[in-house]
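I have a structure I would like to understand better, so I am pasting it below and will then ask my questions one at a time.
Labels run A, B and C following the written order; every chain starts at residue 1.
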Amino acid sequence: MIKIENVSKNYGSFDVLKDCSTTVNKGEVVVVCGPSGSGKSTLIKCVNGLEPFQSGQIIVNGTSVGDPKTNLSKLRSHVGMVFQHFELFPHMSITENLAIAQIKVLKRSKDEAMDKGLKLLDRVGLKAHAHKFPGQLSGGQQQRVAIARALAMDPICMLFDEPTSALDPEMINEVLDVMTELAQEGMTMMCVTHEMGFAKRVAHRVIFMDHGRIVEDDSKDAFFANPRSERAQQFLAKILQH
Amino acid sequence: MYEFDWSSIPGSLPFLWDGMKISLEITLTAVIFGIVWGTLLAMMRLSSVKPLSLFAAGYVNFFRAVPLVMVLLWFFLIVPKFIEQLFNLPPGTDLRLTSAMIGFALFESAYYSEIIRAGIQSVPKGQMAACYALGMTYGQAMRLVVLPQAFRNMVPLLLTQAIILFQDTSLVYVSALADFFGAAYKVGDRDGRLVELLLFAGLVYFVICFAASTLVKRLQKKYHPA
Amino acid sequence: MGYQWNWGVFLQPSAAGDDTYLGWMFAGLKMTIALSLSAWVIALLLGAIVGVLRTAPNKVLAGLATAYVELFRNIPLLVQLFIWYFVLPELLPKALGDAFKQSNPVFQMFSASMICLGLFTSARVAEQVRAGINSLPKGQKNAGLALGFTLPQTYRFVMLPMAFRLIVPPLTSEFLNIFKNSAVCSTIGLLELAAQGRQLVDYTAQPYESFIAVTVAYVVINVIVMTLMKKLEDKVRVPGYMGGK
């Protein structure tokens, strides 16, 4: 589904990504973790072309992301993405947030888009808030709406960029529950997150990044039972202390 | 196609320079007076003495609601006559330059006062409390602690306002006073070369103001990096 | 002082005989409003375009937009007005320039004033639009793109609607400025409010009444515009943001 081959990216002399390669197969849930500044957010943004990269290639569902001839908007319209800061559109109501891209990008009718939006809103447990505005919801609720917004586009896979790291602790679980459910339904997912509990529960594979490199890329069990690199061991030790 | 003839400019440069001196003179007076009076207005506006703050608010809002052209017309057509009668001056005394300066100064102080008020408010309240805790009076606290910090934050805005003011001085045209623009217009009118002189005036203003605003931007970066 | 106040002067028939002096004032008021509103339309349209271009990824377009803003910001309004009114008709192709010079003088003055005020203000509006766009979180643009919007669609549906709501207060002050700046157009002979005020002084010999009336008229315009813009501000306020509930 997602194939990343020898991707490198630099800002001048600073390397953000160095020769990264991995694949995410259909139905697979891959968690990407690593210390801050390791390049994990950049990597996931390269997958739908929000960040350009200088060398290597990324193929999503048979389409090359780096190819200048690729219609990126079309590609992105069926790759869902959830952001750290939700990025709901503050000037639109929740239903409008859910419908706008369906109408303007997928050219669905207004009724169809509203219908679909409401169904997904119900699914993330927020149907009662349909007519509110993003600023009136809690962080956790906003993030669930953001997930529903991405799902409304009928994505073939979902990218999560630290979806819980801007949330207050008591709200993290409501978002992780939605993600877990998605994973169990067989959605292809690539998640940048520090939530190791979530990784243990639902991930198939875990990728560990450091200094722009993919240091480990292993099955979940192998990763947690016996991380090969010292840096991954240190990282896990720090993060699992809590 | 229009044929340009720039020949009347070189000979008129001394006259144009005299005009520029008047423009600069008005600018400088209005900036200095505007900052001093504007600071007082800002302090009144922020003061807890109701009549003072009401007066300052009224003054500032009034001058910000009225066009500069209108204020200048008052100061050219009405105020000089009023002063003449008040002080029994011989009729026809040329008060235009003085009047222009007073008009600009009173008008601009309203704008300066708003900049300065925002500057004072940008200094954390704790600073004032700390001054009182050290036994300073209100005046000392303002003079020694609050205003110096406020002005530091405001320097770029005050300078930008000065550039706008310099551009606005061209409006003394309504009094037929020969500032730089007035001088350029007169030369152009005299020689039938209005096109060249107006373009020349525009270029001169552009070069001065663009250079000045570029300097202000540099200064701003130096004071507030990133 | 011996000044004879006479507020009744406004009801006297004017020198031309066809109207009262109050009628002159209203004619000036109408001109001021027509000029300001038409120039404001130009300023908003051009300002939005130039402001967006200043944030464009294309360096050439962004550079051109910056040059536009700097040009109109660093030349006094009066000089710009004289260039539009006196210089431009000379530089146009002869036939066009002559046609303009032979047209109705009020049309000449009005169109030069409208274009001048519109472009002058558009540079300032552009700066506000750019500031509004730049103040949005960077993730908003990414979120729009990630949903499959093209860059123009992202501006159209995501960034501009929010940016414009954020900049209503500074745009209000630009809108007020356009009314005040329109008084500059009295210098080329356009009979707007300030020019009528001058004319009233000459014709009525009641300078105080004339100028007080005109000054009050400007203050009233100011108050009305502020009230209307406050309503607009409340109307477009986004719930949960900027003090909205």
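In this text, a contact is a pair of C-beta atoms (placed from the backbone, for glycine too) under 8 Å apart; a residue touches a chain by one contact, two chains touch by 3 or more.
Computed from a predicted model, the values in this text were never measured in an experiment.
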Report task. Select the chain at the greatest separation from chain A, using centres from the mean of Cα atoms. Result -> B
**Report entry** Innermost chain, taking as reference the mean of every protein Cα atom displayed
**Finding:** C
Report task. Quick one: report the Å distance separating chain B from chain C, using the average Cα coordinate of each chain. Result -> 21
Query - Centre-to-centre distance between chain C and chain A (centres being mean Cα positions), rounded to whole Å - result: 47
Query - Euclidean distance of C-alpha centroids - chain A vs chain B, Å - result: 55
Query - Partner chain C, residues of chain A touching it in the complex - result: 45, 48, 50, 72-81, 83-85, 87-92, 100-101, 104-106, 132-137, 149-150, 153
Query raised in the report: Which residues of chain B touch chain C in the complex?
Result: 1-2, 62, 64-70, 73-74, 77-78, 81, 85, 167-168, 170-171, 173-174, 181, 185, 194-195, 198-199, 201-202, 205-206, 209-210, 213
**Report entry** Footprint of chain A on chain C - complex, ascending
**Finding:** 137, 139-140, 142-150, 153, 157-158, 161-162, 165, 238-241, 244-245
Query - Residues on chain C engaged by chain B in the complex (per definition of touch) - result: 1, 70-71, 73-80, 82-83, 86-87, 90-91, 93-94, 176, 179-184, 186-187, 194, 197-198, 201, 207-208, 211, 214-215, 218-219, 222-223
